[in-house]
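Below you'll find the structures, each written out as structure tokens.
You will see two complexes here that share subunit A, one where it goes with subunit B and one where it goes with subunit C.
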Partner chain A sequence: MSDRRAELESASWSGRTRPYDLIKEGVAALVVITIAVVALSTLFGSPDDKQITFKQWAVAAPADFYATSVQELAGSSGTGGYGAPYNTASDGVNLGPLHLAKLMGVTHPVDTVNDFVITPLTTVVNSGPVADALKQWQASDSKTQSTWATNYDNALTKANQDATKVPAGNYGPVPQLATGLLSMAQAGSLDGALLSQGNYFQSDYTKQTLFLGDGSYFNDQSTASNLQGSTWGMMNETGRYPGQAWLWLYSFWYQIPPFNNGDSHPFGANADAWIMVIMGALSLGLIIMPLIPGVRSLPYKIPIHRLVWKNYYQEENL
Partner chain B sequence: MNLKAVYIHIGWFQMSITNLVIILGMLVLFGLALTLPFPGNKKGKGQK
Partner chain C sequence: MSTTQEKEMWTSKLRKSWQKNLPVEKLLPDTQPAYVASWIYLFGVATLASLGVIIASGIVLAFEGASWYHYSNVGHFINSMHFWSVQFFFIFMVVHLWGKFWMAAWRGRRLLTWITGAVAFVASIATAFTGYLVQTNFDSQWISYEAKDGFNSVGIGSRFNVTNFGQMILLHVAFLPLVLGLITVIHVLMVRAKGVVPPIDAFNKELGERK
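Right after this comes the complex of A and B.
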């Protein structure tokens, strides 16, 4: 510490003084802010939409639920091919040679076949055909299971998800298992069965969310509420509630090329990672702004501070 | 508030009326904070 600085810091204040009640000011600010927060959050607080359940999905869109169940068995669903942190099916997003998710590894393993279909089916008393299908599935090897499920998944896709138009083939017990899971979901049992795969006090909804996200029904609800990434969804809420407007810059990058095209490589397909880098760089720029030549001189050219402290500048004739 | 949201959509620009009102409100507040005299500041020009 320089002598001059030490001298300035130890010198007593010789300018004007005025009384200032810090406690009074603090209490007034606390009370006003508390009232404002309670009033505004009551009026404009985040809406309490009812959660989408598997029962709701299975009743409203049974063909979609059925087809998604088959995809989970075949491993062809979004979750099945996602990669880390759920499985090793793909490398996930990358920044050039840097595969971010893969580097972190499979930290939250999800086995779509057992977690989403087989284990839930074993928790209820099934009808004869479903119980037989379950026994047949469990008695077979994984290669045979995969062949059955992939065959039926492909056939169902060709039939536009209409199970009645699927020709006969080597599908094993897959149609019965999907039918059993559909019945279970329609009865409302699947929600509880998926939730119970964890600790006594369950707070991890990853599996439910992933399973819901694999179907079209959940996605359609997002589209209807303008919550898709392509519709600035990051800064929207459901209904007429105000959203997270301060996230506009984060959402902005998803609206422009190349990030708005998920099929374009390398940026569009890895938009999440690249946008995170851009926002990180911008945030870092904001933090170190006082050190950036040119940028740190902007207040001289755009003197908004003179407006904020206009009294001082008037009094001092500056 | 739970009714279907109304959106302004012009080309790439899309925003809900509610978000637009909030953003405009913030800008108006900022403008007022800059221009209005601070309550309780009775000091006039030249007074010290």
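Right after this comes the complex of A and C.
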């Protein structure tokens, strides 16, 4: 691009002009769009599927809730083994040698045993067996607690989450604690206890969301609503409404190899990190597109601009 | 005050620069170059108009609170207006961006106009995303649960915690609209200051070039 051309293109236009009422155009656009928005809002409303509560989960899928509670005590849940920013249980995903989450540290500490089970149980008046179980748990050392919880977690998994088929074993008070938490959730008192964690004001839903996601019930509901990442979930919406369609490119990467195979290394297993990097690079590319050789030449090579300025080109015989 | 002192003042320098680059005739012109005659030019103003509806409906929702629309018919209607205006906003903005790309609208020292527009697009995605996180319904529960893994994977989750409702709603109604609004104002002022980019071949004759 010559300097002379750039100079001409940047100078105030000295050619033919035509009347153009910017304010009128803006007001007309505002009126038309407001009418269209009001019409769509009246006809279709907006999506609002009710939130899932712990009470709903515990009533609808008690075995799943019970098993998840045991996993939280054993540290074998998704959150228990997550790593940063919640705990140090694993290194998390990586970009080659870089473990960025681990590098940033545990900034939102989550102790699945106490935050999800023990502390909530201490906020209510428990029945005799549950109160005794709580005392037994709190009086024991962490090694013993871990042994009890792991033993019961393994036994419950072998019994396909059917607590009635778990053989006798060294489980300590774990079954009673899980039963107590299930009763608490079914009564509707776990939702508030998880949020407040003994405080009055609270607006951080990290702990509830993680606990909810550790079970199967929440995932099953999202699958039923077509919201899973493997089915373009990030750009979908509940019901028959348009979602965040502008996230199509982000969702796209999760649909193709190697990112759609969680077992493949190094990309599939670390898809979240690699896709964030790809989207960061593409976003930067969009911002600096006029500086990218090849891409910036496309408008010259594919003359769509002649359609935009069709009249002008005809009038000026260009 | 002496003339020398006046020349050195930041305020007078800014005023003079503003008057030179963006006089009121450029800010509110009543004519446009003859080539500004295509439906594609409507998408910029349509994007701004949609943003106006988003802000207006968003202010009502902000005054009434995040849960209002769950139990109030009026609230649900205002929420629906917010929802549909966002859909319009992105449709118009994407068409506007594509249009500007095929017009190579960064020509004539308009690089910063393109950059502010593209940054506004990215900021819009972030603003809309935080909006989806504060719907206080099943969708927002699920989106926050899913999205946390992406942000955590590159360490951003340590500071930008999508499961923290308090953080997300403050970003959605305060910080991000402020950023987006500021970038949009700068973008529009740059368009007005630089004028609408001329056709790609407008100066071929002056330059003795043929297409």
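Couple of notes before you dig in:
Just so we're on the same page, the second predicted complex is superposed on the first by the 269 of 318 C-alpha atoms of A that agree within 3 Å, B and C clash if a C-alpha of one lies under 4 Å from a C-alpha of the other, contacts with A are read in each partner's own complex, and residues count from 1 in each chain.
The rule we apply is simple: contacts are C-beta pairs under 8 Å (C-beta built on N, C-alpha and C of every residue); 3 or more make two chains touch, one makes a residue touch a chain.
Quantities reported herein were computed from a predicted structural model and do not represent experimental measurements.
Subunit A is touched at more residues by one of its partners, and among subunit B and subunit C that partner is C.
When both complexes are overlaid on chain A, the residue A:V130 reaches neither subunit B nor subunit C. Once chain A of one complex is fitted onto chain A of the other, the partner contacts of A:R240 are limited to subunit B, with no touch recorded for subunit C.
Once the two complexes are overlaid on the shared chain, A:L181 sits clear of subunit B and of subunit C alike. By the touch criterion defined above, A:V37 reaches subunit C but does not reach subunit B. Of the two partner chains placed by superposition, only subunit C is touched by A:Y20; subunit B is not. Within the superposed three-chain model, A:N311 lies in touch with subunit B and with subunit C [touch as defined at top]. By the touch criterion stated above, A:A58 is placed in contact with neither subunit B nor subunit C. When the two complexes are overlaid on their common chain A, residue A:L73 makes contact with neither subunit B nor subunit C.
By the touch criterion defined above, A:L121 reaches neither subunit B nor subunit C. The interface of subunit A with subunit B overlaps its interface with subunit C at residues 16, 44, 47, 225, 238, 241-242, 245, 304, 308, 311, 315. The residues of subunit A lying in touch with subunit B in their complex are 16, 44, 47, 225-226, 231-232, 235-236, 238-243, 245, 255-256, 304, 307-308, 311, 314-315. On subunit C, the positions that touch subunit A within their shared complex are 28-38, 40, 42, 45-46, 48-50, 52-53, 69-70, 76-77, 79-85, 87-88, 90, 94, 99, 101-104, 106-111, 114-115, 118-119, 121-122, 125, 128-129, 132, 135-159, 161, 163-167, 169, 194-204, 206-207, 211.
Chain contact summary for the complex, subunit A toward subunit C: residues 1-2, 4-6, 8-13, 15-23, 25-26, 29-30, 32-34, 36-38, 40-42, 44-52, 84-85, 92-93, 95, 100-101, 103-105, 107-108, 203-206, 209-210, 212-213, 218, 221-222, 225, 227, 229, 233-234, 237-238, 241-242, 244-247, 270, 272-273, 275-277, 283, 286-291, 296, 298-300, 302-305, 308-313, 315-316, 318. For subunit B in complex with subunit A, the touching residues are 1-7, 12, 14-19, 21-23, 34-35, 38, 41, 43, 45-48.
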